[in-house]
Structure formats: structure tokens, C-alpha cells
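Submitted below is the structure of interest, expressed as C-alpha cells.
Letters are used for the chains, namely A, B, C and D, taken in the order the chains are written, and counting of residues starts over at 1 for each.
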């Protein structure tokens, strides 16, 4: 196994870990606002790590650019959707969870 | 390797069936629609696993995006009408017919009254459908393991088609009839929707700065990707349908963000965009027939260029038609329609 | 590639489930969802069985399914519009059986 | 390496299926929609891994379309579907 393969392995496993963390957050967090963290933080970090891991294996620079473009698009999409959902949830009168 | 593939496919298949069951059995319609969106997403994964990237592209654009948006808006309209007509004529009529309960409880009452008959019906239905499923499964499993299908014919004649992606070759050259009639079906569906009475508009009038920004950022990208898919369709997965659905997604996003077409574009420009795909397709077919060939027969020398021409027009028409279908009723000058025609035009 | 049979059987299950729901439920939105799931099952079946054509990819079923997906979405849009119109006209989006007695 | 890609893809599919529980459970419509939005992020990673595992470059276009269209249903939800839906009283999970 070459050095690049090893780094890919590490990055993919780290990415999968963040995906699992995001899903656990989605399942375990108490209200909509805290569940948004799972969408905006954990999963996008997971996707970013997976994409860096795959970019190491990419055959050309174009593929690297395409992968990065995909990541940026997902970041944009989930950040905006998280904001929109949180905003309308607040307008709808859902109170944030307090202990 | 193979074990992993089996696990992946098995999990995907079981989840698809389970999701379908949950979608159909859930009491809450909104939940059913969200589950259906997830179902579309997993279908796209299944197409990826079945080595059908062309279909995966179409499903990703339509199944996971457009159908979900369509269903959500329809549900919102249904609920809005329910809230509005609570004390009006139509509901009173309904109440008279099913007095004294409302329609939902009436169903329950009917169900109770006929419970024995109903149960018998249900059981016999389950029995019959199990027989159908078992018969189908038997038929599938007893098929010969290898079937050449038409793949050899397609591969042998691919060089005549002007493109190197076999799916595009089939869609626009070998079986052009299907695509031609399919464009006509799209237009017919739109005519059907337009001939119904206008529905009240159901969009939030204040989309807010983030949605506005999002539409400004995403729509140019969507147009770019639509153009890319159209161009790449000649030799790799992509083509008019995929590009058209991405274009339609751009239109839907603009509609949702509150963009409307000015009256200037509502007359001929909108109709032109709707009809151009079919018109170009039919005129190319007729010209080929008049110049000595058969209907829809493309000469190999110009086939590539003609396919690109037809596909460009078809992309525009499919995109605008799907966006108009999403909008629902026929756009009126004083209020409505997509900024589709002018934004879609940039794609060419 | 026996996985093709797995997807084909999934397609049959989806078709049957959709057909069952189409007959049983009275709400039209559910019927539309059921029809969409049925079409999904049919498409899955068609493509899964076409992957038996080794080593070449059989492009004809793929093209048919792409056409079918676009037709299905336009039919869904028309059906939803008709459902809303029916709701306006009759006050209910359900098909209610009149008691026969 | 294919084994690695496939096993990570399988793992992601498992997290996706686990996330379905949130769609079923709710309790607010926003929770369900959010979970569906999360699925598309997972599906993008899954498709990219499969693209690498089977060496099919065209699958990256599928991931690109997924990433672009992930927003449409969610935006439709925020703009129109959300106002029409009755909010359940109990929106906090214990």
C-alpha cells in the first residue's frame, strides 16, 4: 500500500466517522435547532474528508476540481437550507429546547 | 468484494421496499411525501448500482428534486383549500351528502359498517396480489440467464447514429418516435393542467435575503450544468432529458424565490419556448422525408449536428414545460409565470 | 451479475405494493404516490433484466426508462392538478363510496 | 482499494437507513424534511465512492446533479408546504 493509499484510507475512515456522528446527532439531539448541527457541520465535514480522500486518488486535475465543486455546492445547499428551515421554524413559533 | 456488493444491494433493495411500504401506509400525508422523496433518492442509488448512469441522472433531477417539490406544493394547496372552504358552500354540500359527519369520519363509518365485507375484500386482494407477485417472480427467475436483447444491433449501428453514447443514439436516432411522442405527451399534460380552473397562488411572498441569494447563485450554475449535460450527452451519460430537468429545476427555484415573468414574455415567447422542441423535431423529420429518406431517418453525415440541434430545442422545451407544470395553472399577465423563457434562452 | 435478479424482485415487490395501495386507499394523493411507486417498480424491473445482456449494455431499455421517468412526472403533475380541481368542486380529495343500502 | 470504497459506501448507506428513523418519528415537519436533506449529502458521498470503486467517471456528474438539486425540495418545503401544515403541539423530543 502506497503512502497516498494510506492517506486516502485515513481520510475516508475519518469521513465515515463524521457521517456516523452526524446521524447519531440527528437521532439523539432534542430539538430541531440542535439537529441542524448534524446537517450543517458533521455531514459536510464528513463529505469534505471523503472528497479530499478521493481527490488524492484522482487521475486528473479536472476530476479534483469537479470534486471540490461538488463539495462547495453541498456546503452552499445545506447552509442555506439550514438557515431557511431554522428561520421558518422560529417564525412558526417553535421554541429552542432548554434543559 | 462480491459479498460487499451483495450486502449493499440487499440493504438497498430491502430499504426500497420498506420505504415504499412506509410511504403508502403512513397516516400523515406530509410524512408520506418526505418518505417518497427519500425513495426517489435511493432509486437513484439503485440506478447507479445497475450501471445505468443516464437513468441515475434523470432520477436525481426528477425523482429526488422535481417530483418532491410538485407533491409538496400540491399538498400545501390541498391544505390551504381545506382551511379556506371549511365553512363555504362546497363543504356544506359535502356535509349534506354525508350528514352529519365530515367526510373523513364518513369513510370510517362506511368502513365500520362494511367491515366484514371490507376485510374479506382486503384478504382476497392480498391473496390475489401475492399470486400475481409470485407469478411475476417465477417468470423472472425462469428467464434464460443470458439475453442479448437489442444491444448488438445498437452497437453495430452506433457509427451511423452520429453520437457515441448508445442511450442518446437510441433516444434520438434509432427510436426517435418515442422521443417525439414523449414531447407531445409533455405538451398535452401541460394543456390539461392549463385547461383547469386557476388555483390560488401558494407561495410565500417574502422569500428573504438568503433564498434570494441562493437563487442568484444556483440558477447560473444550474444553467451551466444543463448546458454541460446537453453537450456531453453525445458521448457520455447526459442528454436532452437530463439537461431539461436540470433547467426545469432552475425554473422551479426561480418561481419559489418569487421571480415572475413580465407580461412581455407571457405571450409568444413562452409559447415559442414550449413548442420549439416538438417543432424542430417534426420539421427535421419532415425535411428528411421530403429529401428522399424516411420519416425520422437522419443521414449519417449530418446526424451528429442534427441530434445536437434537436436536443438543444428539446432541452429548452422540456425545461420550460416542466417548470410550467410545476407552476400549475396558466400564467396570467397581471400576476404570473416563470422568468423561464429569458433565463432558459441563455442556455443555447 | 446475479444482483440483477435481486433488483428485479425488488421491482416486483414495489409494483405489487403500489397496486395494493392504489386499490385500497381512497385519498387521491395516496393513489398518485402509489402509481409513482408502481412505475418505479416497473422501471427497476426493466433495467435490472436488461443487465443480463452481457457484455454489452442494452441501451434500449435505458432510453425507454428515461422517457418513462419524464412522462411519469408530467402525468403526476396533471393528476395533482386534477385532484386539486376535484377538491375545489366536491370539497374532498377522497373517493368516497356511497353506502349502497 | 475497491473493498475500502465499497465498505465505506455500505457504511454510509447504513447511516442513511438509520436516519430514516428521524423521518418516521418527526415530530415536526421540519425534522422530517431536514433528515431527507441529510440523505442527499450522504448519497453524494456514496455515489462518489461508487464512482471511484468501479472507475466510472460519469457517475461524478450524477453526484453533481444531486448536489445541485438537493435544495429544490427543501426550498419548496420552506416556501409553500410549511405554512399549510398543522404544527403538532409536542415538538421537543425527550
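Methods note: a residue touches a chain if its C-beta (ideal position, glycine included) is under 8 Å from a C-beta of that chain, and two chains touch if they have at least 3 such contacts.
Nothing here was measured: the structure is a model prediction, and the numbers come from that model.
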{"item": "Chain at the geometric heart of the assembly (C-alpha centres)", "value": "B"}
{"item": "B-C compared against A-D, more contacting pairs", "value": "B-C"}
{"item": "Intercentroid distance (Cα basis), chain D paired with chain A, Å", "value": "11"}
{"item": "Whole-Å gap separating chain A and chain B, where each centre is the average of the chain's CA atoms", "value": "28"}
{"item": "Intercentroid distance (Cα basis), chain C paired with chain A, Å", "value": "33"}
{"item": "Sites on chain B at which at least two other chains make contact", "value": "5, 49, 51, 66, 75, 77-78, 211, 214, 218, 221, 242"}
{"item": "Contacts with two or more other chains, residues of chain D listed in rising order", "value": "16, 33, 35, 57, 64, 68, 70-71, 75, 77-78"}
{"item": "Residues within chain C bordering two or more other chains", "value": "none"}
{"item": "Chains that touch, pairwise", "value": "A-B, A-D, B-C, B-D"}
{"item": "Interfacial residue positions of chain D with respect to chain B in the complex", "value": "2-3, 6-7, 9-10, 13-14, 16-17, 20, 23-24, 26, 29, 32-33, 35-36, 39-40, 43, 46-47, 50, 56-59, 61-62, 64-66, 68-73, 75-81, 83-85"}
{"item": "Residues of chain A that touch chain B when the two form their complex", "value": "73, 76-77, 80, 83-84, 87"}
{"item": "Chain A-facing residues of chain D, complex", "value": "1, 4-5, 8, 11-12, 15-16, 18-19, 21-22, 28, 30-31, 33-35, 37-38, 41-42, 44-45, 48-49, 52, 57, 60, 63-64, 67-68, 70-71, 74-75, 77-78, 82, 87, 91-94"}
{"item": "In the complex, chain B residues that touch chain A", "value": "208, 210-211, 213-214, 217-218, 221"}
{"item": "Touching residues on chain B, where the partner in the complex is chain C", "value": "5-6, 9-10, 13, 16-17, 20-21, 23-25, 29, 32-33, 36, 39, 43, 46-47, 49-52, 54-55, 58-59, 62-63, 66-67, 70-71, 74-75, 77-78, 81-82, 85, 90-91, 93-94, 98, 103-104, 106-107, 110, 113, 122, 125-126, 129-130, 132-133, 136-137, 140-141, 143, 145-152, 154-155, 166-167, 169-171, 174-175, 178-179, 182, 185-186, 189-190, 192-193, 196-197, 199, 239, 241-242, 244-245, 318, 321-322, 325-326, 328-329"}
